[in-house]
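One structure coming up, written as structure tokens, with questions to follow.
When the chains are written out, they are named A, B and C in that same order, and each has its own residue count from 1.
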């Protein structure tokens, strides 16, 4: 297996062996974070980070990852780029990507719903960069997928349900376990990318999947079809429920997060305030201790930032079974591993 | 003494031995700036800089300091962070600080008056981060204190009144000397942090202190009480005068700087234009050669940027007894020393 | 020859030997990009980049250059600086430049037409910084000149007309060849800096120069006088034509780019929309295959970003004789060489 030069846009597009290579290296890097083994992997190399949408956590974790590999990540906000659009003169993605390939070892892109006219357009833009770039393109979250978050999620779950945090990872620790991904109410009108990626990677690693949300909050039908196919291939179950409680029964991993409805985009506009107003009508959709008591001593997971009091109570988010800080830390380790493998010739 | 992991929010909270350890190391680092001894102290390590208020000088000096220690400082503007407030959903400081502690070796924060609803709120926010962070939190200037500036100030004074710039530091060079901190008129409505920190650290190092300002420009009464206590403990004098001339008599160090009045904050609003208009009514409050002639051949000091023509004349600010560029340079050296000691396990 | 500490504001101000030293080193660095020979030239050193005007390409290429030399470039937007102006209080350029000289190994500045009240004011500001700074000041593009682009241009032309890309450079490859610099229509109201620098450096390296543009699009008369003088000194020809076709006859290098008219600035205002509207009236001013067929198998060059469909057709810009990506890459190599020679004591 040789991952050098490979793009990472969605985990579904990588083989299980390739995903495992990332997780295995991430676990080694976590155990021995500042080892001389990793210190010069990207020595003198540049990783470009294009933030169409700002994100403090994603930016810190990627920039720290590059630093720990001996390289340097540049934080770029493309508002400063004059890209060609249907309405305005400017540079084509082809030209931008080809020039960047001359300077950098890799390119990360983040683009979410409020910077695009319709669902899917962010993912398409990343693929357009990947088409022309000679260097690996890493999806740092788009409107559909968030592969680095998905890898950090399963790494955390394997640690908590397996040998412990920082210990060797065992994929068997989550195989056959029940993953509940449940909608939470909230005031942030969030993207689908994190939950869709978690559904995909969880089902591929052999978890039973329950998806819970109020009527009217369907996710991308194509992604759901893929999750079903993953479950079928693994002989596991997939179900969708529309009440806030039943999905918790017997769950091993509980993932409670708000997401916007499919009506959020209409006529090329992102109706953020309307989404928030609508979502706040479902206060019973919160992960609390009472619901957690129905699980098989489940861990609570979340890609952060947690909207406390809406998506989960403080008692759960800060409770003894919350793995949120470990998952957040894992973003660093999986991203180091991805960069080392795709850009570092490791 | 082991400073590893220690926060620095105000110099008053560090012992004299601890402050001296910083100054002593800073002087060594200044003499041998690019020595291999310091080059890898923060190798692969990340220092996060949160600039609620932008500042070119503070940013350059901290980022340069991290680079010279082999690490990397990330420049972050928290407008991109969705922090929870009384009015808006978002992440708690607890969650933000705990996650950052997983990624970084240290966290610097700068927050001044125009980003907060009342005096003191900036310092409180830094202390809230420090409460939850497992990594050292460094105050890069808040509405009350500016410890790195205070350390750079006394380092410069010791050089100029002692063995010379870049030479070994001698705390006796300033002990028993007279420090005049005088208000200057001006058009910038400046924070109290630099002058309050200078009052605190100057008095702790055994200087006689004279504070001069027009009626109506009182500083924080709690800080003034602490300065008086420092003077009492050292057997030195502390006085406040309200005329622009008399304080210069016999002074060894003259520090002329504008600061806003206690009326600058009312009803959660920072009345900047009103402050500027009021301050410009006192043109006699300027440090000029005539006033400097009354001193004991005093040096002129200022944390920069100097508002020339208001706080001091060009003849003084660019004169042979101006130590302003050396003090500015010392920001770099003291910050390298602070980072090495609190984050670098030195 | 010792370039340590030297400013680079326009290539015209450097001797041919000095320019050749840059190009020769750039070619070596290109051949062996991550050699240990260059890796530590700026170890622990800081290069400050002041972007009055943002630019993704210039920022990436300079920041990457610093990283590849082992140093660090800080991306600064001076809106955060409180500089003194005729109307506002703030810091003088003298104070800013003197303090930066204490922290950094070099200072790059970019300032274009929309940040200044009149043509020439950007170049003057850079020279004001250079006057007070003790460290080398590098022009990263101002309203008059763009020396790094000019060096990257001739490096690319020498590669394509000489021994090939990445091969040893031969200045004889362009001597006596015909350079056509032609105006293109377009919707971006572009600065004069790149074309003026190309005229200057092309003529100094012994090229025959043809400048083509519609009546009303004169460039800076002082620059044109200098270009004529360069041609005279080299015994080459210089001509200006006002039709979009004739200049192509026998050309070896074709440089098609839009630039604004001398009327763009009036009354301290940059009339951008008016310029664009006017420029779009000349659709025949485009570099296409038909015109290129009149040349002596010329290469197509452009400093990028290309305004495709206005300045050049896709067939030309992406054609087999387009050297645009190689020229863009050369920005990195010449900037590494400039930094190594002026800041790195090489």
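Convention: contacts are C-beta pairs under 8 Å (C-beta built on N, C-alpha and C of every residue); 3 or more make two chains touch, one makes a residue touch a chain.
Everything numeric in this text was worked out from a predicted model, so none of it was measured.
Peer 1: Chain contact graph: line, ring, star, complete or other?
Peer 2: Looks like everything touches everything, fully connected.
Peer 1: Which angle of rotation, from 0 to 180°, maps the CA atoms of chain B onto the equivalent atoms of chain C, to the nearest 5?
Peer 2: Chain B sits rotated relative to chain C by 120 degrees.
Peer 1: Are the interface residues of chain A and chain B largely the same numbers on each copy, more than half shared, or largely different?
Peer 2: Counting which numbers both chains contribute, under half are shared, so the two copies meet through different residues.
Peer 1: If you average the CA atoms of chain A and of chain B, how far apart do the two points sit, in angstrom?
Peer 2: Those two chain centres are 41 Å apart.
Peer 1: In chain B, what residues contact two or more other chains?
Peer 2: Expected reply: 72, 75.
Peer 1: Which positions of chain B touch chain A when the two form their complex?
Peer 2: Residues in contact with chain A: 43-46, 48, 71-72, 74-76, 78-82, 84, 88-92, 94-96, 98-100, 102-104.
Peer 1: Quick check: in the complex, which residue numbers of chain C touch chain A?
Peer 2: Its residues touching chain A are 34, 39, 54-57, 59-61, 63-64, 67-68, 70, 72, 75, 186-188, 304-308, 310, 317-318, 324-325, 328-329, 332.
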